[in-house]
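Going by the order they are written in, the chains are A, B, C and D; count residues from 1 in each one.
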Amino acid sequence: MITTGSIQPSLLVVAFPAAVGVLTLLLVRRSRRAAYAIAALGGLLGLLSAVWLLSQQMTGDAAPSPRTIGALPTGGSFAMPLHLQIDALTVIVATAVALVSLVIQLFTRWYLADDPRYRVFAATVGLFTAAMQLVVLSGDVLLIIVGWELMGWCSYLLIGHESDREKARRAAYKAFLVTRFADAPFFIGLIALAVGAHSTSIPAIIAHWSTPGHATALSAALICVICGVAGKSAQVPFQDWLPDAMEGPTPASALIHAATMVAAGTVVLSRIVPLLEQSDPARYVLVVVASISTVLAGVLAFLQNDLKRLLAWSTVSQVGLMLLALSILPPGATPDLAIMHLLSHAMFKALLFLAIGWLSVLVGGTVVPRMSGALRRHPSADTMMAVGLLALAGVPPLSGFVSKDLIVDEAAHRGAAGDGVARIGFVAIVVMVALTAAYCMRAWLILDHRTIAERRQAAQTIEDSHAVQEVGILEMLETSAPVDARGHEIRPVEPGPEAAVDELEVEEAEAARRPPRPGRSARWGLATLTLLSVVGGGLALAPVIDVDWSNVNGWLIAATLLLMAAVALLVRVMSLGTIFGDAAARVPQAVRNSGLRGFGADTAYVNLVGRPVLALARSVAALDDLLDRGVRDLASDAWSLSLRGLAAHNRRPTTGLLALTTGLVVVGVLGVALW
Amino acid sequence: MSVTYNWALLAPVAVPALGAVLLLVIDLCLPRLGRLHWILAAIILLAGAAFAVPLALPGADSPRRTLCLPNKDCLYLVDHVGVGLQLAALVSAAVVALLAFPIKVPGERAPVLGALVLTAAAGASGVAAAGDLGSWLVMLEVATLPTVVLVALRARRAAIDGALSLLTVSLVSFAILAMGAAMWFAATGGGLLNGGGLLQAAKTPDSHRILVLAMMFIIAGLAFKLSLAPFHSWTPEAVGGASTPIGAYLVVTSKVAALAALLVMVRSMNVLGNPVLGVLGVLAAVSMTLGNVMALREQSTLRFLAWSTVAQAGWVVLPLATVSSTSLRSAAGYLVVYSLATLVAFAVVTAIAHADGRGAATRLRSFGGLLRRRPVLGAALGLALLVLAGLPPGVVGLVAKVLALSPVAGNRLWVLAVVAALNAMLGVAVYLRWLRIILGERQEPVARGRIHPVHTGLVLAGLAGLVVTSFAPQLLLSIVGG
Amino acid sequence: MVASLLIAPLVPILAGIALIAGDRASRVPGRHTTYAIALCAAVIGALATGYAVFARPVLNVQWVPAIGMRLHLSVDGISAPLLVLTAVLGFLVVLHGRHEQPGGGTPGTYFGCLLLVTGGALATFLAQDAISFFLAFELVLVPMWVLIHRFGDPHQPAERARAAAMFILYTVLGSTLMLVGILALVFASGTSDLVALGHGTHLSQGTQTAIAAVLLIGLAIKVPMWPLHSWLPRAHTVAPTAGSVLLAAVLLKMGTYGIVRLVVAPLPLGMARLAPVVGTLAVVGILWGGLVCLVERSLKRLIAWSSVAHMGFVMLGIASGTALGLQAALFGNIAHGVISALLFTVVGGLKQRWGGDDLHVVRDALRDVSPRLGFALVVGFAASLGLPGLAGFWGEVLAMFSAWGAADDQPGGWFKGLAAAAAVGTVLAAGYSLRVLRLVWVGGADKANHVHPAHAGEPLPAANSPATTVQRFADAHGPEWIVVGILVAAVVAIGVDPVPVLHTTDAAVARIFAGVTR
Amino acid sequence: MIHLSLPLALVAALFGIGLYGVVARRNAVLVLIGVELMLSAAGLLFVTAGTTMHDPMRGGQVLTIFLITIAAAEISVALAVVVAVFRARGDIDMARAGEDE
């Protein structure tokens, strides 16, 4: 047994990834190799510490609440101990985060092989991981806020990594602002909880608020926290930043979606789940938010024209499921269900993103026309894609199946027991299960599409999304030449077919400059993820996770599986005869257009928040100008006063005498009056 | 009737008075001395001041009396504040004499001017020690009348106009003052300023009322000499018209005399038991504001200094809005600081006017780049302006502001305090305007004459004084017993 | 060693005077000599300050009895961090002068003024006597005025004069009002000793409220608090870099320091009565500043506005009436000092390179053009939006904590609302910070254009093609990079481990609240 | 002994007339006359007050004499200035003095 002296593995779990960020920025100038070495080593050490911590936890040697930078001196009775809190669930999550992060670091080396900013990217990923680990392990709301905000910032940096493109800049800006907007209530909620308990330590908070007598305050605070969680986890009404975040490089997306940022909401809520269980209003809010999100995101995922965006929406949907799992928990229950799904989601989603990233490098983009048939041409990734999509869809016996069906079962169970929240949740889950099966099937069919020649033809009309700057692919479709039912152009398009082909060749030549597949370590990482996606469900059997897998209702599971099969079949039928094997092509164009825009959420943000705030800002600026002018006018008033004074002082003795006499009268009257 | 005499005590008044006579006699005997009379005058004034020094030392007992009647009422008494003001009056007059020394005047006029300065200084010195209404009135007038002549003797048209302005205002003010004194006399039934009659009068409502009215008349009458608005109209005319040393005399020595006179009266009003003299507060506020606002635009140096003196007069009487021994000391302390800074400013202006011609010194613009051209003069003037503005590094000016504000703030006269704060701001704007010119670039080619060594010496001494007192303000403030 | 108390402020002040006076001498000292003298003086001042902070000597002698002013210098927990901040920044601005020594005057005057401001600020924080505090408070005005007036933006002489005048007039008004308050306080309590006043006075609540109101109005101008802030954006816009740094990082702190020393500690009842107003104005300032920043075009002005917002957090902490709030305020002071110093240094450098600071001019991405400055800018704005791990976070989040848990004698609901509004303010901060980064750091120019298909057929676009090369200008080097680097390191260090700073102030804060029975 | 109210009324009247003269007259000499009236009012008040009290020093009378003396000195200076003004400008109209420089 390794000694548990002064060095706490829990601190190392946070410190190593953070060190990656700091050291890379400090030490590395240009060398890509050095940056990679630091990143990989840091990630590995982070993972090892997490495993060490896990082993400690298993043997019961882990320090339950290690100190970090020491308690904040608050000058009074307010306690801010800033401790971590180590328990089985958090340790497992931390391990998963470390693992995913390591794989992503390994993969990035290949993915960004010719990116001049690789160094910064690797550093940011390290910092991001550290922030997430902090949230995961934190036992103090202040530390949660710290990690939470740092993650937001790192996501800003990652999404805006390719800041040469306006779309990426906008996406990064939007992601940070939307989440930050939601953070305002989140702060207030946590502050309210902490101030009530006179401590920021989570155990103290739970102890304080668990005593009866402040239900309303508790509900209000929790709803505030849920707002923040909805922001970070991209739930309704803050959902729209996440698909835009696809502007970031694919490894960044993998990191954000799989293990870190969007999952943080689940982690935080699971920390305070004993409070959540006491507050029905908060549970209702959570279940409504999560249900709407999970269903809406499922629909949107089906409608996307870009497979990365499809995955993005699927994340929203899956996180919605985790939050649903939290909302349906009975009092006294532990959040293991949600965490279980978080873990399996982390594995398969990271896998999916990295695989898509791999493919996108090979085919030069992630839009459906590019991706169509990608697996046919590059079969090396097909196992990963298959496992990932199956796990996402929840096909037994993959990890997604286990975690999801446990939630379905729990919802049904609780709903039958008469819990309204669980009933809402159950309905949403059922719809969501069908939708998940639909978009997974759709994605697979696209990737596995055969008619490459047709794809190639159509591609002539569509530029690569990298070359598309301001206008999205949608606008491009609208303005490009119409094609007939078989994909033949009716009219040649602007740059001319040669140019388009040339461009394709150039890009493929570019792609050829890096090796056609990731390095060995990265492939090992991917293989690990694949494996875990397959067998991760077995975690339910592990003693550290407390889920009730023995009494599962077999009929219910069979019914969901049947539903999934039916939907998959339907999608297959829909995809027949479409150009790219895209089932969504059967959906009316208007709906798809709207879906591509996230049903107009972005416009709503701009019109409901952005514009009014800017208008307010302008009017405040104008008001301030007035204020400023008022102050300046005082000066000019004094100035004109002196002019008037000059006129009065006409240098004549009589005027002086008049003033003197007046003065005498005034002084006499005032003097007697004021006495 | 036997009266006690203490000549040492009387010397600060007697020496200059006798000196004035002496100067005229010397002129009779040795008619060709010319400007040397200024030196003589300065020596006499400094000798008078030397007699005052022992009394001003911190250990001296206070108040000292002489000219006492058998019934122990004394017609001459000085306390620390009084002797400090005497000292200030005499020294400032001596500085004026020295400033005037290099300036060419017709040979027969120098002794007259010198004698007038001495006379006025004697009056200023005497009024600070007056113990009865008669000597108070006489001394005040002795301090005032010569100034009219001093202004008029420059014999330029502007000077004559200024003299007329000063004359009319001073005459009317004196009439008002006399009326006030008469009412005072009628109310208290005696000529002594702090006799038992005052207490008696304060007790009966009728005479109390007359006493108050008398006080108002006296304040109104004295306000002209302090250049408090609205009694200030002569100030820009006379200061702008007179020769620069006489201008300095008008805004420094003359003001010292006025404050001394006012303090004598206010001190005796102590017995009335009312801590607040609202009228003085109002006058202070109006003067500050008016002076500052007018100075904002003024283009002529001398008139600028005149407006500045109007504003500073407000600060001088500001503490007197509350009646207490502290506030008397505060007013005197402020005045002393003001006098030092103003004298330095006038010394610089005089030096430049003498070296480059009056035209080069009467416009603010012509001071452009002074700090670069004549570093010593520029530094002295800059520091003096900062002291007047009350900004460090002119720390002593800031201390003076603290001094002036503390009775007001201590008694929580918020409105007055806020007005004062606003005026502190305005004052900064006013003085920085000139400072900016000094710091800035040269606007026009200026003839570069030689600064007279006496002027250089005076400016250097003034600069040294400002610097030293900025580090140790107590040196200056202690002469008024602070 | 008591001498360190005198050396710390006096060496910079005297060196400053000597430099300015030396400029007028017939043989003007050379540029390098001037720089060396200034640097030495700044270092000596900083070392003496460091020693004083470490050893905590006390000097207490009579100075001007006429106004009850004593020369009482010492260091306690409240002033120690500010002293260190001032001393370090004093050194840094002089160091930075090597890189950017603006025209408009001689080096002697420039460095002299910088040293005078530094020395004056040190004296302010050292003074333990209310009246000498005021004196030192005023000491910095004229040199600062000269800095703005003479050495400010050379392109806008008229605006420079106006801004300088507005700065000094506004501040003088504020400080004179403060003087009125101080005098009233001293008169009423009978002592001008800040240590004695720190134990609270036993005046009636009415008296305390009146005095506190006057003091607060006076000091609010300095802080500045909405709506008395008009001078700040103006002054910052035209001030030279070093001037902006000192103004934001040191001079503003005098205001809050004064509030703690003169209002919070001696007048608890008065402060309690006025706290809701102060808190409300503070929050209005937060929102106001944040909103204006969203549409402000001038980058320096924008940072000045963000200062208004940040100082709002400091004031909110003070208004909460809790020890936590005071801790937050004192920490926020330091944090804002470091952050604004960093931002102004970077932005000053940018303005110099760009020849203007209009955000609407489309420029190449700073992260490509000048990676070091870009990095520093990112750190600065990230700290400005309150990113954890950087200095700005703790002060703001603790201020919100304290406002939510305001003292029992305050209207709790109202303060909770204020805390919520302050949280909205952090969103605005994110909005404007990212706005700047989006316009400056990542650039407005869309370089995806540069790899347009049109080039594809031609030989590969080489570096000689103007469309693809980035116009690089000199990145930060030498003194500028040292200054920026130190500030970045400080921002990170304070942000990662706030405990030392909070620990320094802890005992003093606890003492203030120990005497008060609330 | 006549009743005091009569002389007091006279004092008031004299002072008022003098003040009016000072304000209303433009001729410098007439202004001087106004001042003289005011001064004589003061003197009268001194005398009147002095008669009512038993002051061994005869304060009222003494002060009146002082006053008269001072007034004489003043008028001499004043007339000298008025003459100078007349020489400089050609008139002694107070409302026009100082108009141009």
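Remarks
Here is the rule we go by: a contact is a pair of C-beta atoms (placed from the backbone, for glycine too) under 8 Å apart; a residue touches a chain by one contact, two chains touch by 3 or more.
The chain list, named the UniProt way, goes like this: A = NADH-quinone oxidoreductase subunit L; D = NADH-quinone oxidoreductase subunit K.
Since the structure is predicted, the reported quantities are computational estimates derived from the model, not experimental observations.
Identification of common neighbours of chain A and chain C yields B. With A-B and A-D as the two chain pairs, more C-beta contacts join A-B. Chain centroids computed from C-alpha atoms place C closest to the centre of all protein C-alpha atoms shown. Note on chain placement: the centre of chain A and the centre of chain B lie 77 Å apart, centres being C-alpha means.
A separation of 94 Å divides the Cα centre of chain A from that of chain D.
Distance from the chain B centre to the chain D centre is 26 Å, each centre being the mean of its Cα atoms. For the pair chain C and chain D, the distance between C-alpha centroids works out to 64 Å. For chain A, residues that reach two or more other chains under the stated contact definition are 635, 651, 653, 657, 661, 664.
Among all residues of chain B, those that touch two or more other chains are 161, 164-165, 168, 172, 176, 237, 429. Among the residues of chain C, those in touch with two or more other chains are 165, 169-170.
If you draw each protein chain as a dot and join the dots that touch, the picture is not a line, a loop, a star, or fully joined; it has some other shape.
Pairwise, the chains that touch each other are A-B, A-C, A-D, B-C, B-D.
By the touch criterion given at the top, residues 162, 165-166, 169-170, 227, 230-231, 234, 288, 291-296, 322-324, 326-327, 365, 367, 375, 382, 385-389, 393-394, 397-398, 400-401, 404-405, 416, 419-420, 423-424, 426-428, 430-431, 434-435, 438, 441-443, 446-449, 451-453, 456-457, 496-499, 502-503, 505-506, 509-510, 513 of chain C touch chain A in their complex.
Residues 635, 638-639, 641-643, 645-646, 649, 651, 653, 655-657, 659-664, 666-668, 670-672, 674-675 of chain A touch chain B in their complex. Residues 161, 164-165, 168-169, 172-173, 176, 209, 212-213, 215-217, 219-220, 223-224, 229-231, 233-234, 236-237, 274, 276, 278-279, 282-283, 290, 293-297, 426, 429 of chain B touch chain A in their complex. Partner chain B is touched in their complex by these residues of chain C: 17, 21, 24-25, 63-67, 69, 120, 131, 134-135, 138-139, 141-142, 145-146, 149-150, 161, 165, 168-170, 172-173, 176-177, 179-184, 186-188, 207, 210-211, 214, 218.
On the side of chain D, the complex with chain B involves touching residues 11, 15, 18-19, 22, 28, 31-32, 34-35, 38-39, 41-43, 45-46, 48-50, 52-53, 55, 57, 59-60, 62-63, 66-67, 70, 73-74, 77-78, 80-82, 84-85, 88-89, 94, 97-98, 101.
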